[in-house]
Every structure is written in C-alpha cells, then in structure tokens.
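In the two assemblies presented below, chain A is common to both, partnered first by chain B and then by chain C.
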Partner chain A sequence: MKDWPLWEVFIRSSNGLHHKHAGSLHAPDNEVALKNARDVYTRRNEGVSIWVVESKHVHASDPSDAEAFFEPAKDKIYRHPTFYDLPDEVKHI
Partner chain B sequence: MKSFDLEKKFQDRVDNEVKIEPKDWMPEAYRKTLIRQISQHAHSEIVGMLPEGNWITRAPSLRRKAALLAKVQDEAGHGLYLYSAAETLGAERSDLIDDLNEGRAKYSSIFNYPTLTWADIGAVGWLVDGAAIMNQVMLCRTSYGPYARAMVRICKEESFHQRQGYEIMLKLAQGSAEQKEMAQDALNRWWWPSLMMFGPSDAESTHSEQSMKWKIKRKSNDELRQQFVDITVPQAEFLDLTIPDEDLTWNADRQHYDFGEINWEEFWQVVKGEGICNRERLKARRAAEENGAWVREAATAYEQKRRSAEHIHVA
Partner chain C sequence: MNQSLFKYSLHLGDNALIIGHRLSEWCGHGPVLEQDIALTNIALDFVGQARMWFQYAGEIEGKGRTEDDLAYLRLERDYTNCLLTEQTNGHWGKTILRQYLYDVYNYQLYEDLMESQDERIAAIAVKSIKEIAYHREFSTDWLYRLSGGTEESQQKMQEALDELYHYAGELVEHFSWEQELAQQGLIQRRENPGEAYFSIINHEMDRAGLDVPYDRPMQTGGRTGLHTEHMGFILTELQYMQRTYPGVEW
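Let's look at the complex of A and B:
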C-alpha cells in the first residue's frame, strides 16, 4: 500500500487554550484526517477543537542551526523586568 | 563537524537529560535501534487486539463488552501513536506494516498465547497489561522525545486496562467454586508468559547495554521483572489465588521476592515463531489488510474525484 499523506494534528483541550501538537496520522483528505484525529487523539474528551495540517506544509527551523538562530535574544537581558533596579519601597510595580 | 565530535555531543545531551527530537543529529545506530523498538512496540499493540477481540462478542455482560471494546480500540490507538513516532525517524508506515504482515518483524511473544476462557481476559488485563505498564512507565522518560510523549499518553490510558482486568479476576475469584477455578487456571497459564514479557535475562540481552547508555531504556529486563513480581504477588494473595511457582518466597535480606527459573527454551521457541498462535495471528493480520483494501481504495478514489470536481469548478 502506498501511504496516504501524513497530517499533523493540533488539539485545543478547552476554550481559552492554544491548540497544541498532539501527533500525526495518515489520511486521504482533510475530512477523513479530522475524523481519524478525533478517533485517535480524543477518545477521552481531550479536545474541543482540532486542526489538521498536511505535514509537508510545516516548515521547521534547523536544529543544527539553533544556536545562531536564537542567538539574537540571548544577550538582551534588558527585555526582562528583573533587569531594572528599583528600591523595595516602591510598590505595585 | 566530524562524526566523532557529533557523537560526543549527542551523548552529552543524552547524559544531561536533554531529549532528542526528530530533526536533531543522531547516530545511525540510535535511529535504527529506535525504529526497530518503536515499530515492534507498535506491532505488539496491533497484534494485541487479536486475543482480546476474540472475546468481544462473548463478553458476559453489556458492561464487560463495552469495556473490552474500548480497551481494544485503545490498543489500536496506541499502535497508531507508535507508528507515527517511528515515522518521525524516517520510517515509512507501509514498510513497517508490510514487515509485520510478512513475518519479518517481531512483536511481543505474549500475544502468541490463546485466550481460552473469559477468565483469560481478566488475566491478560491484570498481568499482561500490568507488565506492559511497568515497561512503559520507564519509557515515559526515554531519551527520544516523540517516543516519550507517545508513552505518556499510552500510560494514562493503560491504567484502566489493568484495573478492568483485575476487576474481572476479582469477580471470578469471589464467585462460585467453578468460577474461582477458571480464574486460577488463567493465572496458571498466563503467569510465566507474563514474566517472559520483560525479555531475556540481563546476561543474555543483546541490545540492553547500548540502549541503557543512550537512555532509551532506564531499567534492565531483570530489574523490571523483579519489580513486577514484587507488586503482583500481593495482588494475587488478595484474590486468594496461587501463583504457579513453588520457588516463590519473600526474601527478607533482599527485600524482594525470589522466584523460580523461567523456561527460556519456551521463550525462544515462541520468539522464533513456534508459539501456539504465531501463524494464526499473522493470518488474521493479513486478512485484515486484504479485507480492508477496498475501503482504502474507495477513500482514495473519493478524494481524487472530489479534487477533480474542484478543478472543473474553478475552470
């Protein structure tokens, strides 16, 4: 059997939360992918909403390049609130 | 970077408990070991549906039937989580399934034993799922991210499997003399094969050492087996059933149970395909594949038809 396309499955576990990657599955089209995702990943009410995306449409950053890729954020400690010195007497800030 | 440096960097990550993810560099042998282990694990879930599916239509009540049906559906789901984890390593699902159906791949030998009575469904849930959980709890911390995540999901679902099995045993053990006898008979037949599920003893296990170094495994076969015996003996005592091992005794010095020698000849025989149900299981798998072919073809044809209809519409 030639494999059907691979789909990545994202599930929102309850309203107010992000969809989160749950896994993947094979299906001939988006409708079947959604139904299979329901049966495979939400047998115990794990979701209120499902996204399926064909895996070939996901573009990922390269892990071997991760150090350089994420480097720009590393030395910018002034982006964090703890970088700023304020006296203890100042409240609610 | 030289491959030696890459390997050292890889081992450092593993030693520092940083999970390995699909696109990370990994030694070819690590990839191969994982594909083998994860696909065997997936096959076990799939073949594991067969001995239990055998009793769905004959479950003694609607409650038992619904539970067994849900359990078998879970096993199918677990197989799918695991196949998709294996695919993140570059394996093709259809190749893996062909390997199983053509008898090239292994799966857990326990499923080559027959489920003769309803009590076997109790014993399978209690002992076989119990042994599997022991192994799978350890694998929740395995070094490969997608495998570990699949295991977390599976462990959450498995605990109902074991409880429903024990409940069946409990009802039978507290029932008529005949029912209790059935439960004892099932325990007699499933005890030793369950101990064999942990694989060969550490001295005989070929893949263990490297797998421990890579933190694919974190406990040895013998350690897990001991852990299983230690927690299961009191559960058998509660059922007032007797574990079929004359050498089974509490060892106060070790703070563990001592138990008798496993029949390794039987173990290797079943692994090599000479178990009671090996042929039947593969026959059932191939029949499922063949009988389901038209459904897969229809789904593909439907998708193609829909796509060409869309093209006409656009034009």
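Let's look at the complex of A and C:
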C-alpha cells in the first residue's frame, strides 16, 4: 500500500457548477480512487460528481517562472470589462 | 403488543448494532487513511440503521424503553444478532470477507423488507438499501482484489473463508418471527432465501478462486441468544459507559 500512487480529487458540489479541487489521496487504481474520494471527500454531502486524476498527470507551473507568467497581467486592468456603463435592465452580469 | 414484530425489529437492530460496532473498532487502525474512513462510514451507516430499528422496537413494546435502553442495557442472552456479526475483525481481509458474507445477505433481506406491508419496516428498508448497496459494492470489490492479489493475500482470504463460512448459514435460516410475520401478512420473504443467498456466495467465491468449505456444519444460535465467546467482550466495551454512568448523555 506504500506504493499506491497519489490522486487529485475534484468535486462538483451541485449540478451546473464546475468541479473544484478538493484534495488528494492514495489509491491503487482509478476505481478505488473514486471510492476513496467518495468516502473521504463527500461524506458530509459535499458532492454530486467526482473526478480523480493521477497526480503525475497534473503539470504545474514552476514557482520560479511566476514573474514571467503572472506579472505581465498585473498592469492590464483594461482587460477587465469594467470601462463601460451597463443599463440597469441588464441582469446577471 | 405484536411480540413477533417487536422481536424481529430488535433482531434487525442487533445485527446492525453489533456488526457496526465491530467495524467501528477499525477506527484509527485502518491499513490506510482512506480505508479507515471508508469502514468508519460504513460502521456509522449500521449504527444509524440500528437506531431506527430500536426506536421502532421501543414504540411497539410501549413500555417507554428508548433506543439507548435497548442498545446498552440488555443482557447477552437478550441479543439476537447472528453469530457472523460478532466474529472478530482479524486482519483486513477477514473483516472484508465477513462483511461480504453479511452484505450479500443484508441486501437481499432489505430488498424483501422494502415490500413489507408494515409501512415503518418498508420505510426503514427503503432508506437503508442505498447504503447497503454501497457496502456490498465495497466488500465485493475488495474481496476480488485480495483473493486475486498476491499468493499471501489469496491464502489469507482462504483462511478467512474457512474460519467464517459456517456462520453464513444462520443468516438465511427459517426463523419463527419471520414466519409469524409472514403469516400475518406484514412481511414477505422470497421463496427460498437460503438458495438465493448461497447461489450468489458460492458462485462468487468460485470466481474469486477460493475453495468453499462445503463440509463444515453450519453454526447457529445467535438468533436465540446463544452467542459465541466474543459477544461478552463486545458488550463489556459497548455497554461500559451506560453501566458505569447510568443515563449519561453527551
């Protein structure tokens, strides 16, 4: 059991919402990973759907690249759609 | 008071309470965190089912006994759980095998109880069967994994089967309360529960590559209060708080 790979767990809390990362766990294969995720992460009625992905398949950005990756977006506030007035009648924006 | 209905509700509660208690003993001792919590969840399902049966039994009896009184303040001979439920956890594989033998029976039983003419029995069964379906899936999955795992895991599962198989027969015995309730039209058990049960069990054991010890005589007694030596130890632990601090709440 020491050799069991790590899995990342994503839970959809209700229909219509997207899956969110809930945590990780160990399991020998995808079937057990799903069952384990059900037992560890949905026991308080947190979810209606589960995804599991073996952690080795998740490719993460490198913290040392953070400046090049994220700094350039910081001074481009015009990319947020906040520079025009919305009529009051428009809802849900 | 309907004596048969009272005794049958108690019996169903006792089965759930005792196997639930056994599973709860794994809390903090599971082989890995994920399975520790999985078994604890299942244990809680059983304790929840036990509560519903004890509440109903208390109401039928009408003497004001609560679910706690029935769970904690009876003597060993008054408990009518089947012998299988009180067998020790042993290693992980033995717990899985015990659970598998029980879950197949339990699913079949609750399928029948859902058809009960007694509304309360039917309601409890409908609520519980989803939990039981998951229990059965869980234990079946692990049964195959362990029996088809390594040579050592296969051997341990075989030993567990040799140790537990002769307690399976009692689960599907014809029993007086059931027959009386069937005559009263309150419950309907399938024609031959034993045949249905063992055709599944024996077939699955064969598929899992385990040898069924057909020559072992089946043990019985739990339903009439004649328990194995393990029962006293379970009750000692289970009842300790209520015996030491009567009426304690938390």
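Just a few scattered comments:
Methods note: the second predicted complex is superposed on the first by the 78 of 93 C-alpha atoms of A that agree within 3 Å, B and C clash if a C-alpha of one lies under 4 Å from a C-alpha of the other, contacts with A are read in each partner's own complex, and residues count from 1 in each chain.
We take it that a residue touches a chain if its C-beta (ideal position, glycine included) is under 8 Å from a C-beta of that chain, and two chains touch if they have at least 3 such contacts.
This is a predicted model, so every value here is computed, not measured.
On the superposed chain A, the two partners chain B and chain C do not both fit; they clash. With both complexes superposed, B is the one of chain B and chain C in contact with more chain A residues.
Shared-chain residue A:S24: touches chain B; no touch with chain C. In the superposition on chain A, contact is made by A:W4 with both chain B and chain C.
In the superposition on chain A, A:P63 contacts chain B only, with no contact to chain C. Residue contacts after overlaying the shared chain place A:T82 against neither chain B nor chain C.
In the superposition on chain A, contact of A:N45 is made with neither chain B nor chain C.
In the superposition on chain A, A:K35 contacts chain C only, with no contact to chain B. Judged by the touch definition given at the top, the superposed model places A:N15 against neither chain B nor chain C.
Stretch 163-171 is the one among 19-27, 127-135, 145-153 or 163-171 where chain B clashes with chain C after the superposition on chain A. According to the touch criterion, the shared surface of chain A, contacted by chain B in one complex and chain C in the other, consists of residues 1, 4, 25-26, 28, 32, 39-40, 43.
Listing the residues of chain B that touch chain A in their complex gives 21, 23-25, 70, 73-74, 77, 80-81, 84-85, 87-88, 92-94, 97, 149-150, 157, 289, 293, 296, 299-300, 302-303, 306.
By the touch criterion stated above, chain C contacts chain A in their complex at residues 31-35, 37-38, 41, 138, 141, 145. Residues 1-4, 6, 23-26, 28-29, 32, 39-40, 43-44, 60, 62-64 of chain A are the ones that touch chain B when the two sit in their complex. Taken together, the chain A residues at the contact with chain C in this complex read 1, 4, 25-28, 31-32, 35-36, 39-40, 43.
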